[in-house]
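Following: one structure in structure tokens, then a few remarks.
Note that the chains are named A, B, C and D in the order they appear, and that numbering of residues resets to 1 at the start of each chain.
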């Protein structure tokens, strides 16, 4: 499947989760794309952990403001209904349970809802940035990622990489389907019709629970 | 001695402690009067724990602003170099050691630097308000009070009333003199020439240490 | 857009047995009109979290006078003799908290922190019955976060989305209470269109506000 | 009035072995001109507390590139390969802290609190070696306050008394760092007369600021 098509499928599906009036933080990378697919019929406020709510679209070339960037240091804009604040307040919002959703990528995620997305020992140590607070504080945590990465399986029985947080993930959205983390394990609530259940299970190292009412991924 | 004269002696003497550029919180009552005696040659910033620095003089009649009051809910003003903030920030300033001085009244104070000024069990329970934070957080704590109150001795070996804070008082200023709390006890560093050492000691239930270089209270 | 509601609707959201936070410092910066309406409803058994119990005859001071409150968590009650009277007659439970601790307890709940670790109150009755945490050889009191079912706050300006600006010393506890309650109702002196407040100078972001009561004209 | 100083004077206040806080988020809102001057001085063995280590070739990112730093306490190093390299070669000690914890640790020092009690990092390596506090049956990590000898911050406007206003997302860590250092030096984009800033909208009160560096024109 085309890489951009994969990203679009995932971002489009995540965007459907949001409801009018909600507050959402979108992580760097694929999660950022989710903003492009939020329905215009609802009012969703985006939080940027570097210090504001009401993040808008990227500015036109030549209209960038060096003092107005997103959490990835890229120029952005703010809606006229937005507000700026300092980093302590920004993380009071995040840690304090005021975010309805955080959408993040993952290196690994497991059937207990554990998440690993901030380091690969001896190789890559970018640091956790705001991810640990986001995952701990948000009401719902959605992992938006490609189902595998360069052939590596990322949905596991148990994460092997250092964790970002324990038992905090609620939902995983990949190009293959939508999975919910439950007490009993990972439930494949929606499946992309382009794949069979067997194909999804093959690249998932945790046992998928297939509900009777499994839906087609939109 | 005339009551207003007593208050003036105390307030005038406390004001001499401050240096240029310092930040000071003055309690309700007698301590408030200290503001009137701060030298015009120095710039002392007054903090008001209800949420600002740069408190000015009382407004003229008719110029009161209902949204600009001191910690006693009386109308006040702010200098154009001042700044407003919320209660959490106000007490971050107080508790965080950013105040050079707090000046408060007392019901009792003792030779260990203990202070009691917020309740008399079974009789009067106004509450501690900001006093406990002020006394704990300020770099120096000055007690400004009449030496006795209706015949009751207030400077003791050990406070009998519930404490506001333990071992935090640095200095006591009364109409009789200036006392410093030291490891060895209370030192009478300055004495009002209108009283003898014996007269001061008689109304002080802690042993006063009289230094060789005791000064006359100005 | 946030729901603009009337004073009557706002007051009706407060029900018996609720815990409410009320902004203000001795009444300055408190939502007077909502409180006046609330008193008409004669709600009972409230727990009131505020800086103080204000004065009898005004704002939240009158909640005590009208015996609508079973418990207060405040830093000061000296300006409202009715609070002291009801405390002595055991009709009212009074929990006195140092003002800075109170502010941090409210902020801590809003910020998702588990406790406030403060030196204030050490060696006093405030310490009694509380856990002590030692950090690098120094002792601190462990104070728990404070939350409310409803916060009633007052702003000088609100845009229709709920962004707030406070005026001078009327700010006090309002911004932190806006972060620590399930439902936040703001009484605004003036309501302006979205876009009229500069995002750089908004003091409470709209995300904390559920309902706005306007000037009712 | 606060002391207006030159870039040279500001940079000279930073000495070998000091702990410094530097405002900014990936360089946005950091005091670039002071940092450029500081790099000329080639100070050594600094401990740097900042949100991140920015990018090589700019602001505080270059403090690492020029090997002036022995230890960083930050939430993210992924944008500065030099930080990773020096970490792997053991030239640089890297302490990674969740961003929200870092912000609260700085605020806690400024606010005189003994610790930060946070759920962030539970069940991860962040928890290792740290004390756990249980509050009402829930576990939290005890994180200690962070202080600095000097904070280098950036403001959009400063009045001559040191009252500050920040601009948009350039605010970030600047206001809390202003509260947590022995000496606070602000690089202001614009210096205005006392009285030109409305006290209601000042973001950092002058009491926290020791020195102001202006536009050096």
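Assume contacts are C-beta pairs under 8 Å (C-beta built on N, C-alpha and C of every residue); 3 or more make two chains touch, one makes a residue touch a chain.
As the structure is a prediction and not an experimental result, all values here were calculated from the model.
When the C-beta pairs in contact are tallied for B-D and for A-D, the bigger tally goes to A-D. Distance from the subunit B centre to the subunit D centre is 35 Å, each centre being the mean of its Cα atoms. Averaging C-alpha coordinates per chain places the centre of subunit C 32 Å away from that of subunit D. Each chain gets one centre point, the mean of its Cα atoms, and the points for subunit A and subunit D are 29 Å apart.
Averaging Cα coordinates per chain places subunit A and subunit B 55 Å apart.
Residue positions 52, 78, 84-85, 88, 91, 94-95, 136-137 of subunit A are each in touch with at least two other chains.
Of all residues in subunit D, those touching 2 or more other chains are 104, 107, 111-113, 118-119, 166-168, 199-200, listed in ascending order. Under the contact rule defined at the top, the touching pairs of chains are A-C, A-D, B-C, B-D, C-D. Subunit B contributes residues 23, 43, 45, 47, 52-54, 78, 80-85, 88, 91-98, 136-137 to its touches with subunit D in the complex. Across the complex, subunit A is touched by residues 1, 107, 109-113, 159, 161, 163, 179, 194-195, 199-200, 202, 204-208 of subunit C.
Remark: subunit D residues 104, 108, 111-119, 133, 135-136, 138, 140, 142, 144, 166-168, 199-201 touch subunit C in the complex.
Residues 48-52, 65-69, 71-73, 78, 84-88, 90-91, 94-95, 114, 125-133, 136-137, 162-167 of subunit B are the ones that touch subunit C when the two sit in their complex. Partner subunit B is touched in their complex by these residues of subunit C: 25-29, 51-52, 74-79, 84, 87, 94, 96, 98-101, 103-104, 106-107, 118-126, 156, 166-176, 203.
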